[in-house]
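Here come two complexes built around subunit A, the first alongside subunit B, the second alongside subunit C.
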Partner chain A sequence: MGKERRLIGAIGLILLFLCLLPLMASDYHVSVFLDLMMWIALTESWIILSGYTGYISLGHSAFFGLGAYLMAITWTHIPYGLGVILAGLLSTAFAFAIGFPFLRVRGPYFVILTLGLTEFTKFLFINLEIKLGGTVGRILMMTPGLHTLYYSILVVTAIATITAYFVKNSRFGTGLFSIKEDEDAANAMGINTSLYKWLAFGISASFPGMVGAILALRRSYIDPYTVFSPIVSFQVIVMAFVGGLEDVEGAVVGAVILTLISEALWARYPYTYMIILGIVMIFIVKFMPLGLVFPIKRRILMRRKGKDR
Partner chain B sequence: MDLTRVLQIIFTGLIIGGIYALIAVGLNLIYGTMRLLNIAHGELIMVGAYVTYWLYMLYGVSPLLSMVLVVGLSAIIGLLVCFFIFLPIIRSSKSITVLESNSLLVFFGLSFIFTNVASLLWTADIRGYSYMTRVIHIAGVPLMYNRLLALGVALFVCLACYFLLQKTMLGKAIRALIQDREASQLVGINANFIYLISFCAAFGMAGLAGCLLSMFYEITPFMGLPYTIIAFIVIVLGGLGNILGSLLGGFLLGLLETIGVSVTSPGLRPILSYSVFILIILIRPKGIFGRGVY
Partner chain C sequence: MSLLEGFQVSKNFGGLKALYDVDFAVEQGEIVGLIGANGAGKTTLFNVISGVYGPSSGHIRFKGENITRLKPHQICQKGLGRTFQVVKPFLNMTVLRNVSVGKLFGRDRLRHRKDAERDAQQILEFVGLSEKADIPAKELTLAHRKRLEIARALATNPELLLLDEVLAGLTPTETDEAMVLIREIRESLGVTVLMVEHVMKAVIGVSGRIFVLHYGEKIAEGTPQEIAENPTVIEAYLGERIEL
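Showing the complex of A and B:
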């Protein structure tokens, strides 16, 4: 009981710190934390489908881009908050629409299918933009201030993390894990795996939609090449793998580590950053395939068990 | 539409299709034998293109000679990557699902490394050169020598690969491994050796494709990914693990794209190929020629 209270206390402190941060820190630091939370939200939402079920999705970029475009189109017509919520709903609706046929294919097929989906939406938007507007790219005027964006990302990230946590510790989550272990066996046990995957896909898709919408305003310029860039999906995958695919804490740890590296390098040495990212990926697979968090957690657990005895 | 125009479209489709087939056969070889999906496949095309470009620009080495050098170099890269990275991963992975996701991550890593080392070394500028640009008329259709050369080489290599697979003992071993990994090991096929051979052959083919492409397309550090995706489309079209399927699938996609573009607009080309891809994977995931060689 004491442990749980301590955990809740720690989370409360972190949240309090994040809430107060804009009052104390410079704009630069606020924007670093904004980036960090954006990646946490994306990674947490990604593991809900891909971490728990093992269906590695490269579709996060597609949902991210959809959200960004919804915001770009509705901005100045509808209130900001409504736009963000709509972006989330649109992404979920899109995921639900394509979910059943897409989730029928497994393993590498699913990976390349979602990569294809991202590229497809990218080129679709490029062509639509040229046809409708004549140019590719939109500038967003009168975007909300940094603090508004910060707090909205904070809310989205908190919800994403809580969702990932509750899904993992629910019956639903156990069902998702059983899909990863052995989908056919899970089916035979009476778990409606297609429904489970479909729901996880939809839940997972809503967050990149919302994050994309907020990020569109943050950047105040978007075009299909950047918002549908597969790099978003790639980074999320690296973060998830670094932290450990099945851990809610792992996603946070992975996002923090990579955001720090990226903050140090991305602006000045983008190529070096990507090379380091590549090396990290190979290193993780070769030396710590379970990610950073799980081995530590297991050690703590073992020690506690030892004490009980 | 007159006959010359039709022929022109068919020739263009065959040429681009030949390149697609060359890329896809290599990718499919690795997938078939090892069940690994090489996301970094296109990066070898990029490396091949750059090596050809620099050899030509700096030392005046003819791209015809570079073809041999590039194939050798790419095959060596393939050997190293397979030996130092993938054989250990295959050994340590407990299940096929783990192997799939792990190898995917490593290939992403390799892809990042290749692309960005190239950007660091050679900047992101678009490069290109012209070689064998003389025009020849075939049945009234003007065609450049370099494209004909590309078609010829691609076709030759793909067919050679196919016949090697069908007629030689080594090819038989590879096909056996594609069909059933465990059973083939039971009858004494050295899987690790076949893995190394597949990697060398696949990387060599990708490098060769890069060399051929460099003669008439622009070269950038980021040119790889689109070709990787194209190769995925082709191998899905032809059936995963089905080498002849990839060969035919490459030409089919090349023709489909060229015909599609000629009746719509060039901007729609990616949309067209991705639609084909998504449709195939949803309707017939075994591929249109799929004999189900899994």
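Showing the complex of A and C:
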């Protein structure tokens, strides 16, 4: 009980800090934290499908881009908050629509299929934009201020993290983990594997949709090349692997580490950042396939058990 | 009414007839053996019964209900559990959690993990794995993995249990222990058993009745005594008479 109370206390302090930050910090620091939380939200939502079921998806970019475009099209017509929620719903609806055929495909084939999805949506939007508007990009006028965007990302990130936590510890989550371990055995033990994967895919997709919508306003200019860029998916995967695929805390740790490296290098040495991203990925997969967080947690657990005896 | 009935069940893979017009019935409370050479269609029959794939023709009834087109999870929830020939433990979960999955999603469909783990503990005691409850399944020996496979199937609370070669690869001592367990499943839990097995001593020792499949067709059916003396079976499968 004491441990749980301490955990809740720590989370409360972090939330309080994040809520008060814009009142104390410079715009630069606020935007760094905005970036950081955006990656946490993307990574937490990614592990709900890919971390828990083992279906490694490169489709996060597609949902991110869809959300961004929904916001670009509806902005100035409907309230900002409604646009964000609609972007999440649209992404989920899209994931549900394509989910059953997509999730019949396993392993590397699923990875390639989701990469194809991202490329497909990108070129679909390039063509649509040229046909309809004659140009490729869109400029968004009169976008909300930095603080509004910051607080909306904070809300989305908090919900994504809480969702990842509750899914992991629920009956539903046990079903997802069973699918990851052995899908046929899970099915034979009574788990409706098709339905569970489909639900996880839909839940997971809503967050990149919302984040994409907010980021469209943050950037105030979008085009299909940048919002449907597979780099978004790649970064999320590296962050998840660094922290540990099944860890709610791991997603946070991975996002923090990679965002800090990116902040340090991106402005002056953008190519160095991509090289480091690649090296980190290789190192983690080769030497720490469980990520950074799980081995530490296990050691703490072992020590506690040792004390008990 | 039989517990499980198959009517002219056939299954083709392309041009290959894996099963051809197989009729069978399993009565409540029996232990039935299913034997046949490699490629005779035994595992295919298990996969058709448990819904992994539908038959090309024919149909299957369980407790009088047509289950031919149901999915594996639906069939499991109706009370028909199975094990896999190549065991499929959830390697990174503890033994206890492996078994609790059956309690959460099988016929009982418990809502809470705590309840599921409490019930799973009883099943582990029944199969003799309670000391291993807290270790990951990947650390188990083959004999223990086979027991875990049975425990997981029992956790789905089946009325009929399909056992697919649970004795293969075990030492003679382990085989004897597993045979005791299979009898116990019928005696103590009242679960009907249909088992595929290559270890003839075991099939003959525990089964009340035996089916023989040969190239996808059922060529014989009867008591162990009758099967062991059946000339067709001896020619097709056994090779020589078995001394009982």
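Going forward, the second predicted complex is superposed on the first by the 309 of 309 C-alpha atoms of A that agree within 3 Å, B and C clash if a C-alpha of one lies under 4 Å from a C-alpha of the other, contacts with A are read in each partner's own complex, and residues count from 1 in each chain.
One rule holds in what follows: a contact is a pair of C-beta atoms (placed from the backbone, for glycine too) under 8 Å apart; a residue touches a chain by one contact, two chains touch by 3 or more.
These numbers come from a predicted model, not from an experiment.
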* Is the arrangement of subunit B and subunit C around the shared subunit A a clash or a fit after superposition? -> fit
* Structure fact -> Larger residue footprint on subunit A, choosing between subunit B and subunit C, goes to B
* Figure out whether A:L70 sits in contact with subunit B (first) or subunit C (second), or with both, or with neither. => neither
* Which partner does A:S178 contact after superposing on A: first (subunit B), second (subunit C), both, neither? -> second
* Asked: Does subunit B (first) or subunit C (second) touch A:V105, or do both, or does neither?
  -> first
* Asked: Who does A:L34 touch here: subunit B (first), subunit C (second), both, or neither?
  -> neither
* With the two complexes superposed on chain A, say which partner A:T193 touches: subunit B (first), subunit C (second), both, or neither. => second
* Asked: Could you state the shortest Cα distance, in Å, between subunit B and subunit C after the structures are superposed?
  -> 10
* Structure fact -> In the complex, subunit A touches subunit C at residues 171, 174-175, 177-178, 181-182, 184-194
* **Touching residues on subunit C, where the partner in the complex is subunit A** => 50, 52, 71-73, 76-77, 81-82, 84, 88-93, 97, 100-102, 104-107, 109, 111-113, 152-153, 155-156
* Structure fact -> Counting only contacts in the complex, subunit B reaches subunit A at residues 31, 35, 37, 85, 88-89, 92, 97-98, 100-106, 108-113, 115-117, 119-120, 225, 229, 232-233, 236, 240, 267-268, 270-271, 274-275, 277-278, 281-282, 285
* Structure fact -> subunit B partner, complex, touching residues on subunit A are 54, 56, 101-102, 104-105, 107-109, 111-113, 115-117, 119-120, 123-124, 126-127, 130, 180, 230, 234, 237-238, 241, 245, 270-272, 274-275, 277-282, 284-286, 289
